[in-house]
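Shared between the two complexes below is subunit A, which has subunit B as its partner in the first and subunit C in the second.
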Partner chain A sequence: MLESLQFIYAPQIVNGLSIGVAVVLMALGLTIIFGLLDVINMSHGEFYAAGAFISVSLMAMGVSFWFCLLLVPMILVPIGFAMERLLIQKVFHYKDRHILTLLLTFGVAMVLEDAYKIIWGANPIKPSAPISGASELLGVMFPNYRLFLMGFGALLIFSVWALIYKTQLGAIVRASAFDKDMSSSLGIPVMRVYALTFALGVALAGLAGVLLAPIYSVFPTMGRDFILMAFSVVIVGGLGSIKGAVIAGILLTQLQSISSLYISPVWSDPLVFTVMVLVLMFKPSGLYGGMKNA
Partner chain B sequence: MHNPQVKAIRFIELFLLSSALVLYIAGSIFEDTFFLRLATEALIFGGLAMSVDLLLGIVGLLSLGQAFYFGFGAYLSALVLKEISPSFFLAIGIVTLSSILLGWIASFIALRSKGVYFALITFGLAQVAAKVVYNTRSLGASDGMMGVPILQIWTPFGSIDTSHPGAFFLITLLTIGVLYAVLKYFLTTPMGSIWHAIRCNEDRLAYVGYKSKGPKQVAFILATVVAAVSGALYPMLRGFVSPELMFFSVSGNAVVTVVLGGVGTLIGPILGSVLLTSFKSIIGTWTVHHHIVIGIIFVVIVVSAPKGLAGLLAKYLGKNHTSKEGE
Partner chain C sequence: MKKQFETKKIAVAVALCLGASLVSAQPGPIKIGVVTPLSGTYTPIGEQVKMGLDLAAREINAAGGINGRKINLIYEDEEANPAVATQKAEKLFQVEKVDFLTGTVNSGSTLAVGQVAERNNKLIATSVSFADSITGDKCSPNVFRVNARAGMQSAALAAWVDKEIPKSNIFFIGPDYEMGRSTVSAFKRASTEKGAKDVGEVFAPLDNKDYSPYFGQVRAAKPNVIYTSVAGNDTVRLFSQMEEYGLNKGVTLVGASGTVTSQNMGAIGKSANGFVTGVGYSPKLDNPANKKFVADFQKAYNKLPDLYGADSYGLLYFYKAAVEKAKSTETDKVRTAMDDLSWQTPQGTKKMRAGDHQAMQDMFAVRVENGEFNIVGRVPSDQAIGPDVCTRF
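Here is the complex of A and B:
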C-alpha cells in the first residue's frame, strides 16, 4: 500500500503537477484575454507552439535556454500587440464580436499552423532538457527539470496574479475592462491597454511553450492538442477567473494523470472533456465565474 | 423581388445547379471519375456546412462540433450498409430517425447555454464523441471501418449503383437539394421568423410573448439531421469511414466554408464548399500547404466582408439596382 503510494502515485502526481503548471500558464493567458477583452482566442495554442519553435531555433543558434525564457516573450509581445491592433480591433465593434473574434483567431490559427510546417517541417524536434539529473524525494527519483518547472511556473502564476491585482498597471487594465468609456474619459489609452493585455496573454502561452519543449517534442500541431486541455481548464474554472484557472488546472491534470493509472491513458482525455461538458451544462460560469470575483 | 440578398441567393442557386448539370454531362461524355467524385464530396461537405449555417446564420448559434453529427451519420450508415442490408433508403431512413433522437438529446445539453458557451459546449461534446469512437475497437478504432459495399439505388428510371460516379453525383445532388428545400421551407414558416427574431434579440422575444426554447430545439434537431444525412452519403462515396470525420478540423472547416460562402443564406455554404474543394484540389497539385492560403482568405473575409461571397454578390447587385433606379 505504502509502496504503491510511494512508487506509483507520487511520480504520477508530480508528473501531473508539472504538466498542470504549464496548462495553468496557457489557461491564464486564455482567461485574461477573455476576462478583459471578451475574446476567445482560438489561436492561443499556436502561440504556445510559436514559443516552443522560436526557442528551439534560438537554442540551435547557441542561445542558452535561460535566455530564451526572457527572449521568447519579448519576441511574442510585439507580435501579439500587432495582431490585436490590426485584426481583432477591426471586428471589435460589431454586435456579434464574440463569434467574429472567435472566427478570426481560428483563421489565424490555421495560417500559423501551416506556416510552422513550412518553416520548421512536420517532423517533431526534441530539444534536450536544460537541467539534467534527478533528485530523490521520499525515496523516489524525480527529474530535476520537472521540479524546476513546478517551482518556476508557480512563481510566474503568482507574478501574473500580483501584476493584475496588486499593481497600478493592473488597476488600469481592470478599469479598462470594467468600463471602457469611463476609463478612456479618464485618460487611459484603452485600445493600447487592450492590445497590451492580449500581448501579455500570448507571451504567457509562448513561455509555456518554451518550458514544455524539453518534455514533449515540438511539432506544428502541438498547440491544437494542448489547447483543448487549456480550454477545459478555463471553462471548469470559470471564463475570466485567474483563481479558477489555477484550481481547475491542477484538478483536471490530476484527474488526467490518476485516471490514466486506473482506467487507461486513452480514456483520460474523454473524461476531462466530459467534466467540461458537465460543468458547462450545470454551471456555465464555472467554479469561480467572472473576473470581478476572482 | 428587388431585395439584393434574395437576388444573390437566386443567382447562386442557378449558378450551382447549372454547373452541376454541365459537370454531369461533361463527366459522362469524357467518362471522368475524378472530378465527379470531387464534386460529390464537395456537395456532401456542403450539406455539413449548411447545417452549421442553419444554426449560425439563421438562429445565431455558433456550433464548433457539427462534425459529431456528420460522423454519427457516416458511421451509422456504414454500419447499416455492412451489417443489415446494402440499401440506400434503409440507411438514410435509419440515419434520419436516429439523428432526430440524437439531436433531441444533444439539444438538452447544448441549449442550456448560449453565445460563446454554446460554441464551447458543442465543441466539448464533439471532442468526447470523437475520442470515444477513436478508442472503440468494435468501430474500428483509429483505423475506421472499411469495406462498405457498393449499393443499388432504386429510382423511377431504373436501378443504379453507387460505383457509377455520375449517377451517384446526381443522387447526392438530389439528396442535398431535398435537405436545402426542406430548410428553405422552414424559413417561410412562422418558425423561421422566430429563428430570425432569436438571432436579432432573444431576450426581447419573451416580452412579445414567444418562447424561444422550442424553436431553438427544432433548429438544433434539424441541423443535426442535415449534418447526419450528409454524413450518411460519405461511406457510399468512399467505401469507408474514419474517426477523422469527427475531429475538430472537420467542424472547423465547415465553419470556414460557411463564412466564406455567406452566413445566413443556406446556399452560400454549398457554394463555399464547392469553391474550397476545388481550390484545395488545384492548390494541392503544387503544394500541400493550402491551409495557409485558405486561412489568409478566411481572415480577410472575416475582417472585411463578414457576409462572405453571397454578401459581396448582394452588395454588387444592390449597387447595380440603385444606380439603375437613379437614372
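Here is the complex of A and C:
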C-alpha cells in the first residue's frame, strides 16, 4: 500500500501538477482576454504555437532558451496589439460581437496554422530541454525540467494575478472592463488598454509555447492540444477569473491524471467535459465570478 | 465544279469533326485519387506517401505511361480522419471520376473509404494501413493492401524478441483506434505464443499530448520490454517523455513499423536509438532495385525513403502491372488482373494473395542506430503472412 502510494500515486499527482501548470498557463491568457474584452479568442492555441515556433527558430540562431523566455513575449506583444487594433476593434462595436469575434479569431487560427506549415514544415521539431536529468524525491524520479516548469509557472501565474489585482495598472485594466464609458471620461485611454490587455494574453500564450515546447515538441497543429482543456478550465473556473482558472486547472488535470490509473485514457476527456457540463448546468458563472465582479 | 469543291470541303470538315470526336473518345490520362493526411499528427506519413507516389508517377509518365496513358494524381487531405476521408473519396469518385484511389493512412479511413469504393464500384489500395481487419474480417472485394499488415510485422518482431529476450514481460502502449488495437493484439498473440508474458496495456487517444499520466501503470507492471504502435508526432512525445522520466532504462523498446520513421526520427533524437521493429522495408535492403530507388528518392527529395514512401512507390507499379494485364481500367477486369499478380518493388517481387487481397513479401526486424534502420532479422513471406481469414469473397 505504502509502496503504491510512493511509486504510483505520488508521481501521478506530480505529473498531473506539471500538466496542470501548463493548462493554467494556457487558460490564463484566455480568461484575461475574456474577462476584459468579452472576446473568446479561438486563436489562442495558435499563439501558443507561435511562441514555440519562434523560440525554436531563435534557438537555432544561437539564442539561449532563457533569453527566449524574455524575447518571445516581447515579440508577441506588438503582434497581439496590432491584431486587436486592426481586426478585433473593427467588429467590437457590433451588437453580435460575441459571434463575430469568435469567427474572426477562428479564421485567424486557421490562417496561422497553415502559415506555420508553409514556414516551418509539417514535420515535428523537438528542442532539447534546457534543464536535463531527473531528481530523486522519496525514491521516485521527477524530471528536473518539469519541476522547474511547476516553479516558474506558479511564479508567473502569481505575477499576473498581482499585476491585475495589486497594481495601479491592474486597477486601470479592471476599471476599463467594469465601465468603459466612465473610465474613458476619467481620462483612461480605454481602447489602448484593451489592445494592451489582448497583447498580454497573446504574450502569455506565446510564453507557454516556449515553456512547453521541450516537453510536447513543436508542429503546426500543436495549438489544438491544450485549447479544449483550457476552455473547460476557463468555464469551470468562471470566465474571467484568474483564481478560478488556477483552481479549476489543477482540479481537472488531477482528475484526469488519477482517473487514468483506473479507467481507459480515452474516458478521461469525457470525464473532464462532464464536469464542465455539470458546472454549466448548476453554476453557469463557474466556481468564481468574472474579473469584473472582483 | 465549285459546288463539288464545296461538298468536298464539307466532307473534309465532317471527317475532321468525326476524327476529333474519335480522338476525344480516346481516354485521356488515368486519374488516380490520393486521399492522404496532409495535416495533423500523421502529416509526416502523408508526406512520404506523396513523395513515393510522385516519384513513381514521374517515372511511369516519362516511360510512356500505362498503355500509352499518362498518370494524373489528384490529392485530397484526409486529416487522418475517417469522416473527412469518406467525403474526399466520394468527391474524387463522383466529381473527378478517378479510376483508382489510394493514400489512406489511418486504418479507420481505409475501412471507411473501402465502403465508399464498393458503393461507387471502384477499387482502392492502401500502402500504409496496418490493421489486420482490412484484409481480415472486414475485407472487401474492392480493397487491396500492398504493404505488410500488423500480423506480418508482428511475426518478424516476435521472432527477434524471442531470440534476444526470451520469456520477456511485455507492456503494450497503443493509440486508441483500429490500428492501435489491431497491432497490439497481433503482437500480443505472436509474442505470447513464443512464451512472452503480457503484463499490461494502455491505449492513449490519437494526438495525445502527455503520456506521463500512464507511466504509473507502466511502472507498476515492471516490464522489461515495452511494445508500442503510436506513430507520427505522438511517437516524438511518447519517446521523449519516457526518456524524461527514465522509463526506458533497463527496458527494450520495440514496436510497429510506423512508430519511428525517417520523418519523425530527427525530432525524436537519441531516444530512438535501440528501438526495434518488424517491417516490410528498410533503405538498407541490398538489391539493385532498392539501390536505384533509394538513390532516385534521395536525389528528388534529399531524404531517405521509409516504408511508406517505398510501398506507395511500389503501389503505382502494382496498378500499372494490373492495368496492362487487364488492358483496361474497368473495375472488374482490373480486379481479376490484380488477383495473384506478381510485381516488382524496391523490396523485391511481391505477390497479391487473391483470397484476401493482402500482398505477400519478406519481413525484416530492424533496429534504429544513429538515424539508420539496420536489419537484424528476416522472416520469409510464406511464414510471415499467416492464414487467409477473409470470407467475404
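In the analysis below, the second predicted complex is superposed on the first by the 291 of 294 C-alpha atoms of A that agree within 3 Å, B and C clash if a C-alpha of one lies under 4 Å from a C-alpha of the other, contacts with A are read in each partner's own complex, and residues count from 1 in each chain.
Here is the rule we use: contacts are C-beta pairs under 8 Å (C-beta built on N, C-alpha and C of every residue); 3 or more make two chains touch, one makes a residue touch a chain.
Note that the coordinates shown come from a computational prediction; the quantities given were computed from them, not determined experimentally.
In the superposed model, A:Pro143 makes contact with subunit C only, not with subunit B.
Looking at the shared chain after the overlay, A:Lys117 reaches both subunit B and subunit C. Once chain A of one complex is fitted onto chain A of the other, the partner contacts of A:Ile19 are limited to subunit C, with no touch recorded for subunit B.
When the shared chain is aligned, subunit C comes close enough to touch A:Ser257, but subunit B does not.
Within the superposed three-chain model, A:Asp269 lies in touch with subunit B and with subunit C [touch as defined at top]. Overlaid on A, the two complexes show subunit B and subunit C touching the same residues of subunit A, namely 113, 117, 224, 266, 269. Against subunit C, in their complex, subunit A makes its touches with residues 4, 7-9, 11-12, 15-16, 18-19, 113, 117, 122-126, 128-129, 134, 141, 143, 145-146, 215-217, 219-221, 224-226, 256-257, 260-261, 264-266, 268-269. Those residues of subunit A lying in contact with subunit B across their complex are 40, 87, 90-91, 94, 96, 98-100, 102-104, 106-111, 113-115, 117-118, 224, 228, 231-232, 235, 239, 266-267, 269-270, 273-274, 276-277, 280-281, 284. Put simply, subunit C touches subunit A in their complex at residues 38-41, 43-44, 47, 176, 202-205, 207-210, 212-217, 219-220, 232-233, 236-237, 240-241, 244-246, 263-264, 266-269. Per the touch definition, subunit B reaches subunit A in the complex via residues 56, 60, 62, 109, 112-113, 115-117, 119-121, 123-125, 127-128, 131-132, 134-135, 248, 252, 255-256, 259, 289, 291-292, 294-296, 298-299, 302-303, 306.
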